[in-house]
Amino acid sequence: MNSILEYFADIFKGISSLWAGMRITGKYFFSPGEIVTQQYPENRATLKMEDRFKGEVIMPHDENNLHACTGCGICEMNCPNGSIEIITDRVANAEGKMERVIDKHIYHLSMCTFCELCIKTCPSNALAWGQKFEHAVFDRSKLTKVLNQPGSKLRKEAK
Amino acid sequence: MSEEIIKDVIIGENEDYIINMGPQHPSTHGVLRFEVCLKGETVKYLIPHIGYIHRGIEKMCEANTYPQIIHLTDRMDYLSAHMNNEAVCLLVEDALQVEVPERVKYIRTILDELNRIASHQLWWCAFGMDLGALTSFFYGLRDREHILDIFEESFGSRLLHSFVMPGGLMHDVHPNFQKRIKEFITYFRKKLPEYDQLLTGNVIFQNRVKGIGHMSKETAIGYGVTGPSGRGSDYSCDIRKIAPYGAYDKVQFNEILETGCDTWARYKVRMAEMWESLSILEQLVDNIPEGDYTAKMKPIIKLPAGEYFQRVETARGELAVYAVSDGNKSPLRMRFRTPNFSNLFVMNEITAGHKIADLIAISGSLDLVIPDIDR
Amino acid sequence: MSSNIYDFSTLTGSIHAWLSGLMSTGWVTFTEMVLVGLAFLLMYALLGLFLVYAERKVCAFMQNRVGPNRVGPYGIIQTIADLIKLLMKELIPIRKSDPLLFNLAPFIVIICSFLALAALPYAKGLQAIDFNIGVFYVMAVSSLSVVGILIAGWSSNSKYSLIGAMRSGAQIVSYELSVGLSLLAIVVFAGTMQLSGIVESQADGWWIFKGHIPAVISFIIFLIASTAEINRGPFDLAEAESELTAGFHTEYSGIKFAFFFLAEYMNMFIVAALGATVFLGGWMPFHVGHWEGFNNIMDYIPSVVWFFSKTFFLIWVIMWFKWTFPRLRIDQLLTLEWKYLLPISLFNIVFIAFIVLMGWHF
């Protein structure tokens, strides 16, 4: 007799547990609540990435096309993947002394692992994170970027 | 035609019905291959084949400086990236006898627990999906999104956030950090019971997981199964309790132990750990002390010659880091004892005699992350 | 019987009379067969496309997602785009497969689902063939599709496919019993196997209401067993995505895969339509006993609408099952059938016979 009772109790318990699950999915079917899916290409205008978002490494330039990179090469040294190459030049400054300036700050986005060591270790805070994340290109060579803008100069701090 | 098929393909030389699960198979969660020998639907034995995603992280460490190693450890167990980072940082700090600020310890512990919840959520999604309950996958990911948003706000990346540095943190957490964690705790406390209603209580689910994959305590210790998988076999192996690091000695929490030793026990351990992590978060989030976010470190970190060892509890078990230094800025030898490697090889022991469907459930309950196995 | 329900036999009769005036009897029969075949083909394609879209939207809403929303407004053209993609895909020949059986299997599966459509009453007077053993016929042809699944699994020369096919064989053969017995319950009530007769017998109330608790029990058993019979979750062991990658149709590509896919959805439609016809009154509007006024109002809703709304409700319930429950294991599947469903439905049918004998039903 006990086993028969158990048999029916099992059926009842089973059905009630299944119904509990169906209530959850049924509830969301009729009232979805918060939908976390983002309508990506449509929301591009309103899509705001976080300030700290690691999209790519950029070198901020001010309105006079000046940057802060002295070409010391610490970022190149600290990069674990060799994604940064710095080509420096020596030019004479106003006082006639030879001075090191960057010719090209080359950044291989394709090799970057976004570890933030270059930005962290830069002594003159010349590098920063950019919020751009749409990096898909058809040609890999397009992922090699020159960070300093053409004609840009080192920002001279007032001594 | 048919005889040819039988002779050549289906039955191997020793008449074993061998089926290859992976490297591309939906339930191995990555490039892992199980060579499964079947008798009907019953598994006779199973041989895991690893190495499909071997990247030589240990060897790469020998060419990198200590701060550079941090970002490599992200890529091992990508679901508990923060714990992996912390292991190397603790090792370096221990070797250099650096005293990190209290604030750093608190934030690191909070991040550990957030990461643990995120990892367990993804495990829950994938476990449900392995058993055929596809809806659980989306519910878990929906809630995990809230944690990833907190990560993104503070660290800039959602999964592989090399946020920890030897001596402290990369930079201070975002001003919204505490507020958002508190929001998440209230949100997730409401959603976690839904997980139980949808899956835990379900009679089909319980029948699928109860009594399969029996791993005795001896087996767990013998194979070095740690983490929630080991604790499901009543093996007390929580590094947070055994050798507290960070702020774990300042919080009250229980080590979840289950005596069931089966897949159901491992499931219950992980579900209870999510509740436990929430309570740890609640204890810590309001008490983050003010202070520096990093200790004073030399620009070039050189470990004194010698051997160093550090272990932490990741979401999947015990991660141990062993480093040999000859006094240079990069280690002479680096070795990671990753939890998934040990957890994987118990599979043959505990799946023999079960059905194919159970094999999927058991491998799901061990919560394997393949890049962690191969390193 | 109220006369408000539009009888489609007047329309079909006028077409028949018009054709008879044009040609001889043989040609009339031929032309009508072609017309009916074309109509079924059209309905098959439209229903298939709609059901795939509906499944995606329903599961998306249950999972807190948006679902297809890119191709066309609300993504309604998504399945057509998918169909075009499947048509253009390469049909990959499998080495050491059995080419004849491998190519034959999708057709067997799809023909079986076609055959069952013929006997269903879609509206008053709208039925291709009114068999006197309609229930039996639909059951028989819809369960034939297991042959196609077995052939597909065997001929693919893939271990996953073979395991899937064998599972499917065991599953369909055992669940066939419960489906049959649960339908038999209503056959006992109605006293006929003719589908049109069963619908007519529900003019004063649907069997699920008239048949007391035994009818409800057999309705639940029918829902569970028919979900298993059409290989849908939580009984989708034959394709068990996480275990056997795609089960019996692992090796199929392009339009051959689409045939299996379409047949699965059409089988779902067929069992839902059969369940709606037998338990929920088919095209019969919601009638309550002798409330003539109420019944007349209900009759103003066309019978086609009644039929399809009931069918889609049952389809929605079957989808609800799939998107909530985890999959059963093969031994649990058989345990459920042989230890629970079959004994219960056997007792149930004895009980129903007793009720009918005593004349206790309405």
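Structure notes:
By written order: A, B and C. Residues from 1 in each chain.
Methods note: a contact is a pair of C-beta atoms (placed from the backbone, for glycine too) under 8 Å apart; a residue touches a chain by one contact, two chains touch by 3 or more.
Treat the numbers as computed from the prediction; the structure is a model and nothing was measured.
More contacting C-beta pairs link the chains of A-B than the other of the two pairs A-C and A-B. Relative to the whole-protein C-alpha centroid, the nearest chain centroid is that of B.
In terms of the distance between Cα centroids, subunit C is separated most widely from A.
Separating the centre of subunit B from that of subunit C, both taken as means of CA atoms, is a distance of 45 Å.
Rounded to whole angstrom, the centroid-to-centroid distance between subunit A and subunit C, based on C-alpha atoms, equals 51 Å. The distance from the centre of subunit A to the centre of subunit B, each centre being the mean of the chain's C-alpha atoms, comes to 24 Å. Contact of a single residue of subunit B with at least two other chains is seen at positions 135, 142, 198-199, 202, 204.
For subunit C, the set of residues touching two or more other chains reads 62-65, 323-325.
Contact with two or more other chains is made by residues 18, 21, 24-25, 34, 36 of subunit A.
Remark: subunit A residues 13-14, 17-18, 20-21, 23-25, 34, 36, 50, 52-54, 78, 80, 113-117, 120-121, 129 touch subunit B in the complex. Subunit C makes touch with subunit A in their complex at residues 58, 61-66, 69, 320-321, 323-325, 340.
The touching residues of subunit C, counted against subunit B in their complex, run 59, 62-65, 96, 98, 157, 159-160, 162-163, 167, 233-234, 236-237, 240-245, 323-332. Against subunit A, the residues of subunit B that register as touching in their complex are 64-65, 67-68, 70-72, 135, 142, 145, 152-157, 160, 162, 165, 170-171, 174, 194, 197-199, 201-204, 206, 299. Interface of subunit B with subunit C (complex): residues 1-2, 4-5, 8-10, 17, 19, 25-27, 41, 128-135, 137-139, 142, 198-199, 202, 204-205, 207-208, 355-358, 360.
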